[in-house]
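Next up: the structures, one after another.
In what follows, chain A forms one complex with chain B and a second complex with chain C.
Our next item is the complex of A and B:
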């Protein structure tokens, strides 16, 4: 009950945020990214954190939602919400096929197989014609119930809604029969099976919930950005970013993925938009025309993935249970 | 004729894949770790060959004399500083740590060398020899294949004839038993990772003359190396050698008869099929899936 109250309070604060920071598309954009990554990582966490099945291919479900939505809207003029539902169906079909292959495998093999499936999806999208190939798909115009979809605000509330929904599912699941079964599977598959838990059924159930939620976020993202290609929505890097966010916050906890997203996304955004380089130059720490200044200005934007790499290594070595794990140990 | 041509060029490029696969399999066998930085280590080998050629004017094949010890040392240190600390951790943490290390390598390379692809052009880069009237074989690939065969031969002798090699072999068979027999398994892990790195860098250097050298090139090779290992049986060195040749042939055949766009898809489908039908691989031990 307490946790639901926390979700409600935080969602209320988040809902008021756009009013507080006014009409700044840049900040709203960053906030949308935070909400999206928090929701993606929470959805991944249901499978990876609760059931201990580390999927390294969640980009496939994000991409399935994004591509299905974009194709249906741009080629067949579908309603965005109907397209989103179609995206969920496509993602669930891919998830069922993936599940039937990868859940027979354990340890190293499970992770590798999940990458292989996601790469097959990515390469297919890259090579087929109806997916726009390497050019991707551009959406010129979209409308829903007369809402102004040129503004970022509807997408902010859309992402917030999906995040709240995902967190409620994650919270309910944890205290449910399914949740306990998933945690039993995570701790010891053989013991869980010997107690009569249908491993394949519960793993697939977790995967379907996770994939469906991920595809909804993919659909929202696609309509929000109005352009997708395989690099943006199907890349292995996206799958890895989703996992890192959960790891840094705390895998298997409800709030870990949210915390991870709140910390990581703004950091990545600052590096990407070169805020740090600008500050160093403005403060006179680095001269703009010196070799280092030119280098920082030109290249620091590429460095956000490098920073992700460093954070991952430090996190695995020094706090493998994430930030929330640190607190839990102290109690 | 087409068939023979693509069979032979498949075998030649498969040789280099085999080298990358053997390196990964060795690390997996001895340390029980899936090394996701393997592709990036290959990429570093490509750049080492490139800079040895452009700055020091050393032929890429001769520069292996420098690259192999450098890469071995690099791998040895990486193991001592990072990998050995997570050797008893769950698989997913090991995977994430090596992913992190790989991201650091590829993105440092991106910062240092920019994203412009580099091309290593030697006097013989595009030359080819004709055999059997009409089948042409690229000279750099042919040379790479011969070097690969020699290195694989030396590695095999090392593993089966020397004390260190046998200790590595024993560690990969049963880590605890090897430790009880007085083998320093921590040292064996560092040696295995050093060897794996050296093999990855060698594979990178060998394909440098026929491939775009790019900071993110490792990604493609990583997944290929995994496929090769799984095909041969994770941990089986001989299996990885055979797996490499098979993947080379599959790629070359699917480029000829299907389309080069789909060759990676074919490779991944084979990967999943092997996982499903014969998860221990062609030559792997049963029971480790």
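Our next item is the complex of A and C:
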């Protein structure tokens, strides 16, 4: 109950945030990215954190949602919500095919196969005509219930809603039979099976929940950006960012992915927009025309992946349970 | 009339050309404490893995509660009322002791509250109540064995397969475990018991089957087994009578 109250309070604060910072599209955009990554990482965490089945191909489910939605809206003029539901179905079908085949195997096979499936989906999208191929799909106009979808605000609240929904599921699951069963599978599959746990059923269940939620975020993202191609929604880089966010925040916890997103997305954004380099120059720490200054200006913007990597290495070495793990007392 | 709860009918298990279990037959009656003994490599654990659904048998039939269970998965076997422990304990390390036992209890209920009640009761019955909130990985080996026991008891099994549940325990710990096992039998469960500790086996078992090199060497009451020269030669060694 306490945790549900925390979700409600944080959601309340987040809901008021746009009013506080005004209608600055840039900041709203960054906040939307934070909410989206928090939700993506939380959804991944249900499978990867609770059940210990590391998927390296969650971009496939994100892309399935995004592509299904965009195709249905742009070519068949579907209602965005209906096409979102269609996206969930497509993502779940991909998940079910993957899971029913690969979950029979143990160890790292699922991780490897998840990359393979994601690559199959990506290459298919790149080469078929109905997905727009390398050009992607552009959506010129979209409407829902007369809401102004040219503003970012509706998408901010949409993302927030999906995040709250995802967190509620993660929280409820944790103290339920399914949640305990997933954790048992993570800890020891033989012990789990001998205690009456149908391994492939529960792994598939976790994958379906995770994939379904991920596809909703893909649909939302697609309509928000109004342009998708394989690099934007099906790239391996996206899958890896989702995992890193969870690992750095705290795998297997409800709040770890949220914490990871809150820290990492703004950090990446600051590096990308060169805020850090500008601050260093402005403070006079680095002279703009010195060798270092020129180097930072030219390269820091591309460094966010490198910084992610360094943080991940430090995390694995010094806090294998993530940032949240540091605050948990050992029983 | 006494019923056979478990019937092993000409069961063999080959790993490639390696015969681990060869044409074994025996029956376990309801409410029996049944000992399965034999030297290392005799095929005891392999047989357990076959019975509990982890290995498919090469030939033969395993009949439990009047149903052939050869082709069932481990979880299906568990739901039929047969639960097993592991020789090398398998605690769900990062979960608490209570949660470990709750996971066992979830095989008979879907409600978290009810599972918790069952778990608390089972922790009491093996004397782990004080450790309920500890992480399972932090327990000593003796307590981990008790946890294994509490966890399978929470599935309310008709039959318990215990794989060296006393292995690595000292004398008092063994006595406690044996008392718990007797208590479980008195409540109506049947127990199949793999054990190396001959004192424990002869103290508690009603009937014993001796395996050697994958074959059945002898079966009988503890007195018959300890008096059987073939068994002494193959397994107990000359020193046991001294």
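Throughout what follows, the second predicted complex is superposed on the first by the 326 of 331 C-alpha atoms of A that agree within 3 Å, B and C clash if a C-alpha of one lies under 4 Å from a C-alpha of the other, contacts with A are read in each partner's own complex, and residues count from 1 in each chain.
Definition applied: a contact is a pair of C-beta atoms (placed from the backbone, for glycine too) under 8 Å apart; a residue touches a chain by one contact, two chains touch by 3 or more.
All values derive from a computational prediction rather than experimental measurement.
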Quick one: is A:191 in contact with chain B, with chain C, with both, or with neither? Answer first, second, both or neither. second
Quick check for you: in the superposed arrangement, does A:108 touch first (chain B), second (chain C), both or neither? first
Let me test your reading of the model: by the given contact rule, A:172 touches which partner, first (chain B), second (chain C), both or neither? neither
For A:199, decide between first (touching chain B), second (touching chain C), both and neither. second
Now for A:24: first (chain B), second (chain C), both, or neither, which partner does it touch? neither
When the two structures are overlaid on chain A, which partner does A:180 contact: first (chain B), second (chain C), both, or neither? second
Residue positions on chain B within touch of chain A in the complex are 28, 34, 82, 85-86, 89, 91-93, 95-97, 99-104, 106-108, 110-111, 114-115, 219, 223, 226-227, 230, 234, 259, 261-262, 264-265, 268-269, 271-272, 275-276, 279, 289
Where on chain A does chain B make contact in their complex? 48, 54, 56, 101, 104-109, 111-113, 115-117, 119-120, 123-124, 126-127, 236, 240, 243-244, 247, 299, 302-303, 305-306, 308-313, 316-317, 320
Chain A contact footprint on chain C (complex, rising order): 52-54, 73-76, 78-79, 83-84, 86, 90-96, 99, 102-104, 106-107, 110-112, 115, 133-135, 138, 151-152, 155
Contact footprint of chain C on chain A as seen in their complex: 175-177, 180-181, 183-184, 187-188, 190-199, 330-331
